[in-house]
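Shared chain: chain A. Partners: chain B in the first complex, chain C in the second.
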Partner chain A sequence: MDYQFLALTIATAIGISTAILVAATGELLVEKVGVYNIALEGVMLVGALTGFIAGQTTGSWVLGLIAGGVAGCAFAMVFGLITVVLRTDMIVVGVALILVALGTTQTIGSSYVAVEAVTKIPNADIPVLSSLPFIGTALFQQTWVTYIAMALPFVVAFILFRTRHGLNMRAIGENPNAADTAGISVIGWRLFYVAVGGVLAGVGGAYITLGIVDSWAGNVTAGQGWIAFAIVFFAGWQPLWILVGAYFFGALSVLGDVGQVMGWGVPSEAFTVLPYVGTVAVMMLRAWKQKSKGAVSWPAALGLPFYRG
Partner chain B sequence: MTVVTDGAGVSLELNGIVKRFGDLTAVSSFDISFAPGQVHALLGENGAGKSTLMNVAAGFLTPDVGEIAVGGQQVRFGSPKDAIDAGIGMVHQHFSLVEQFTVAQNLAIGARDIGRLTSTKELNTRALEIGERYGLKVSPSKVVGSLSVGEKQRVEILRTLSRGARVLILDEPTAVLTPEESEQLCVNLRSMAGAGATIIFISHKLNEVLSVADHVSVMRGGALVDSLERRECNLQSLAKSMFDDFGTADERPRTQSATSIGEEVLVVRGIQARDERGAVALKGLSLSVHAHEIVGLVGVAGNGQQELEQIVAGIRKPDSGTVSIHGTQVGNVQDALKAGLGYIPEDRRGTGLVPAQPIWLNSILRIYKDDLVSKGLIIKTGKAKKYARDLAESVNLSTNDVTTLVQHLSGGNAQKLLAGRELSGDKSAVVAVNSTQGLDVKAAAAVRERLIQAREDGLAVLLISADLDEVVLLSDRIVVLYEGSVVGEFAAEDADLDEIGRLMGGETSNGNS
Partner chain C sequence: MKESLIDAVAVLPPTPKRSFSPWRIERRPDPERISLYRISAVLLGLAVSLVVAPFFTSTPPAEFYGAIWSGTFGSPLGMSNVLTIATPLILAGLAASIPYRLGLWNVGIDGQMLMGAWTATAVAFAMPQAPGFLMIPTMMIAGMIGGALWIIIPTFARLVLGVSEVITTFLLNFVAVGWVAYWCTGPWYPKSSAGGVRAEPIPIQGEIGKMDIQGIVVTWGILISIALPFVFWAAFRFTRWGYEVTMIGDNHRAGRYGGMNVRRLLVTSMLMGGLLAGFGGTIYMMGTSGQLSTSLTNNTGFNGLVIAVLAGSNELAVLALAFIYSLLLAGGGSLGIVGVDSDLVFAIIGITLIFGSFGEAYARLRLVRTKSAGARSDSKVKEAPWTINSSH
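Then we have the complex of A and B:
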């Protein structure tokens, strides 16, 4: 394998991880306040289709991403209202909403199938850095969205661990009663972050149709929402580990292509299943490690509806 | 002790508050007021309505009828935040602290007087200042989960005061403390009141109330039955107000066993075990309980009681060590049942009973394989119901309709059912954990009666309880547990409460820690 090929492979892995990275970072915020939006896959699908249609209609990928974010936000708020405000079971509601998203996007999007995107997110080479040998090709010839996505976990880490706002967020996820008695609106904050998570998942979805596959097809997300959901667990609710997790799964996804080019003689289907097998393997490793270490890292109130008192 | 500078109290008046839960009227319309500079004790047995009334005052519950006035001003609370804004804060038995945060971080939750960007140093300095201002010592950088209950309570009190509470309500604050921690708390409360704060102290312990309060109000059945200055009351008068049928239950002399103690029945040898987080919970613990004997195991919660209880009951595996009953080793629930072990867990509605199922199904939960109530895979419903009716009758359950769901039984009736079930049949030993917790006086007496009966019947009774008075009342022998080891053992007649208290707190028997 020559250097150039390896650099391009890394670049591809980073590029296609963008959607997962953005969605997972959003989900981390949601889970830090004690809610898991298990409908992530559905939110990404809604964002993917809305973003694509907006891109086709306006010819602007920026508007496409914005539309994806808005749609994702709206869809996530349905989940938020049902689970956070009405306190219904998150798993049942989440799975139902995924099926709703799958069905509706397939129906609405049927006329867009196999249509080439009129606008796609362009690569933005970073001056000087992008002309560095190897590293330039691997890291600095990405889209703006990818650069921002890379920075996102650092921003989130700063907010969570260095600000008053983040302290309060974590308090809500660990013990909502402690936050409530301190005058923090648990329901309000949870809804807000479900919305923020929705925006990010929607943008992530739109990035798939506008920046990666450049077209729409039914179920175009193909489980990326689920992987993003799993990465939050994999990362042990630590923002910077989200970065590691997303790129790890990105790398697994490009292995199939690499194998074909290199003539490894392994069917590419075997590689498409790798990210999913990888997820399971990492989760088992994590559970095992947790058992031996005896440390609990998830927000203590994760998944528990809030009742005062 | 530093003097409280901005904790000067305001008066709190509750006028005609009514609070109903379904058919139950928890608080029924009376006027009560709390003056600044005083420790005002609200006394009553469990279910008297004390906590409900104070939850209304602190904004956790909205009253059906009635008015609240703070410093003469009418107020209306929609949430605890409204109450704290008006200067009323409440410290519950279950603390609202984030276990994973440090003390300083806990004190900073929701605070407005810190920068948008937080630094550990700033938060720690602030925590120290708050501690000094209210005269309570804390270690800012310690993680709350690693603190003792008494320390956690100090953090919770500081958290409430630092938000501007001038009326501080404490719901049974000493229930979770060691005797020494309780004394320290009372000293702190007296000093806060001395500095002008309004302290409301909910309790059902007469002695404690008499030692700390300036003013005592007694509630019974949701009504205010007495409100007196400290100098106007004594143990007898308060007890009379508290229980309308005083004398039949709580303050009886210790019951001595009619029969002498028999052979060893329940034997625990060298048990080592870990808790859920992998920390060592039991360090080679051994103890034995004889026939016709009640052994009371006391200790501050979290010193290994839960692990021991579950190992004896066969639902948890020790790392090493054995449990045997009449010489037969017990390793799981089936063994334990066969060996004749009854188990009355603390969590009566979760571990002990199935709340959403009727009385009759709950009654046969441990004997469903017995030919008495089943044939192969089929439960003989008629026989099972008959069995349940007999059981209900033998324990004086409030209802004899065995199709009633257990969730509709009161705490006392649920416990009577559970104790009855676990003590019926051919039993040789029983483990009972905090069996009278949360019960009213009559139900508690009935459950105690049942345990004494078990002793008379020749059972070996292991009583694990947080209620020291109860242990002293019932036990023939008292064993003190601290950090997974037995640190003291007393025959009931030699039991010295001060000594036991010190051992529970981790001091060695000669008084040095």
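Then we have the complex of A and C:
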């Protein structure tokens, strides 16, 4: 494998990981306040279709991404209102909303299938860095969204661990009753972050249709929402590990294709399965290591409805 | 939830704070007939979404409903479809329902079904010359074992390491799909491919026979599927295992004081879930598809999970809901004839489920005025010494 090919492979891996990275970062924020949005795949799907339609109608990928974010936010809020406010089960509502998203996007999007995108997120080469020999091709010839996505986990890490706002978020996820006593509106914050997670997942979905595949097809997300969901667990709720996980999983899916071309003799399914096997293995390893300490890595109130008192 | 000193802070009289709304949602102290509210809401949701659905399509309502009717009760073919869909769906519902009694989530039914079907296929290919009366039972047992094996790791992770079974069972679905895809595209690549990721069909004598009741053609697998909910319904009432599971499902601690081995019951109910799922996948593969494929389950597992939650620890309700669900899926499938995307039925099911959540929330919660002075803090301060360690 020559260097140019390797650089291009890395560039592709980073490019296609963007949607997963953005969605996973959003899901991390949601889980930090104690909610897990299992409907992530559905939210991405809604964002993907809305973003594509907006892009086709307005001819602007910026508006497409914004529309994807807004639609994702609205759809996630349905999840938030039912689970956070009405305290119903997140798994059932999540499955229900995925079904709703699958059904409605297939029905509404049927006239957009196999239509070529009129607008596409362009690559933005960074002036000096992109002309560097190997690193330039691999890292600095991406879209703006990709650069922002790379920075996102750092921003989230700063907010979570260096600000009072982040402290409040973690308090809500670890011990909502204590946070409530301190005067934080648990329900309000949870709803807000479900909405933020929805925006990010919606943008991630729109990135798939406007930046990666440049078209709409039924179930275009093809499990990327699930991968994003798994990455949060893989990362042990640490923002910077989200970055590692997203690029690692992105690289695996590219390696599957590369392996086929190069004739490595490794079945491509091995690469598609690795993210999930890896996540389960990492979760078990981490739990095993932490068992003696009596600590858990997930937010202690994750998935539990909040009742005062 | 972690219990710590900081929890004690929560029972101090709350500091005065501004409230955005004069209303607050709280739990009903004695929620009653939750299942009744839930099921009524589901039926209401079904009615509403079926009435609204045609307006989202360009098909006239009469044709829309006509297609659904002829795809279900209206024709022998429709009824055959309904029963064919119901066969694995009932088993998937049970596979979720039994662990759910103990508060465990089996979100990996699709994977267990696939692995069950894979194991059964492997057995069939290992003894291609065996006669049917030998091959069929062997495949069924192999399928059950395959499904049960696929749930062992999540069970172990949950009971020994404390890793949530929700995420591990769920992620293993994708691993099962990858595994099956590998065998379908590699070692078991079919001699005559007809599209999709499918394996070579199983030997003909390994297929389950079909019955023909006045034009309704269905495998006799449906008889097993219909019988099993009754078997488990009886088991939960008349056997020691069933009694202990029911008891512990209501209250873990009471069961442990009563001398029950909670851990053993958790393991057996999880394995039972995997076993039933594996059997469901196998019976569908042996009766209907005749070959292993990645799309074998077609989300039957998720649908089964949903049915189990709606049915709320009642095996006969699982049976009834699985039948209603099959009517919807079969009816939705027939919408393609009148030019409606058959995936619309997923939206109908999803909206129905959301109605069910509303029904459940209505049964469990109530709105309380917060502005009436003291109602909140008084009761809390009085109850403080007893509520200090309660975790919700």
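Operating definition for what follows: the second predicted complex is superposed on the first by the 278 of 309 C-alpha atoms of A that agree within 3 Å, B and C clash if a C-alpha of one lies under 4 Å from a C-alpha of the other, contacts with A are read in each partner's own complex, and residues count from 1 in each chain.
Operating definition for what follows: a residue touches a chain if its C-beta (ideal position, glycine included) is under 8 Å from a C-beta of that chain, and two chains touch if they have at least 3 such contacts.
Just so you know, these numbers come straight off a predicted model, no measurement behind them.
Novice: Please indicate which partner A:G103 is in contact with in the superposed arrangement: first for chain B, second for chain C, both, or neither.
Specialist: In the superposed model, A:G103 contacts chain C only, not chain B.
Novice: If we overlay the two complexes on their shared chain A, which of chain B and chain C does A:V93 touch? Say first, second, both or neither.
Specialist: second
Novice: Would you sort A:I159 into first (chain B), second (chain C), both or neither based on which partner it touches?
Specialist: neither
Novice: For A:G218, is the partner it touches chain B (first), chain C (second), both, or none of the two (neither)?
Specialist: second
Novice: Under the stated touch criterion, which partner chain does A:M284 make contact with: chain B (first), chain C (second), both, or neither?
Specialist: second
Novice: Touching A:M77 in the superposition: chain B (first), chain C (second), both, neither?
Specialist: Neither partner.
Novice: Which of the two partners, first being chain B and second being chain C, lies in contact with A:T181: first, second, both, or neither?
Specialist: A:T181 sits against chain B and chain C alike.
Novice: Of chain B and chain C, which one contacts the greater number of residues in chain A?
Specialist: Touching more residues of chain A than the other partner does is C.
Novice: Figure out whether A:N168 sits in contact with chain B (first) or chain C (second), or with both, or with neither.
Specialist: The first partner, chain B, only.
Novice: Taking the superposition on A as described, I'd like to know which of chain B and chain C A:A300 touches: first, second, both or neither.
Specialist: The answer is both, since A:A300 touches chain B and chain C.
Novice: What residues on chain A does chain C touch that chain B touches too?
Specialist: On chain A, the residues that contact chain B in one structure and chain C in the other are 174-175, 177-178, 180-181, 183, 296, 300, 308-309.
Novice: In the complex formed with chain A, which residues of chain B make contact?
Specialist: Chain B residues touching chain A: 55, 60-61, 79-81, 84-85, 96-101, 105-106, 108-111, 114-118, 159, 163, 277-279.
Novice: Could you list, by residue number, the parts of chain C that touch chain A in their complex?
Specialist: Within the complex, chain C contacts chain A at residues 1-2, 4, 6-7, 9-12, 14-15, 17, 20, 24-27, 56-57, 105, 107, 153, 157, 161-164, 166-168, 171-172, 174-175, 178-179, 181-182, 185-186, 302, 305-306, 309, 340-341, 343-351, 353-354, 356-358, 360-361, 364-365, 376, 380, 383, 387, 392.
Novice: In the complex of these two chains, what residues of chain A are touching chain C?
Specialist: Going through chain A, the ones touching chain C are 78, 82, 85-89, 91-93, 95-104, 106-107, 110, 174-175, 177-178, 180-181, 183, 185, 188, 218, 223, 226, 230, 233, 267, 269-270, 272-273, 276-277, 279-280, 283-284, 287-288, 291, 296, 298, 300-301, 303-305, 307-309.
Novice: For chain A, which residues count as touching chain B in their complex?
Specialist: Contact set of chain A toward chain B: 162-168, 170-171, 174-175, 177-184, 292-296, 300, 308-309.
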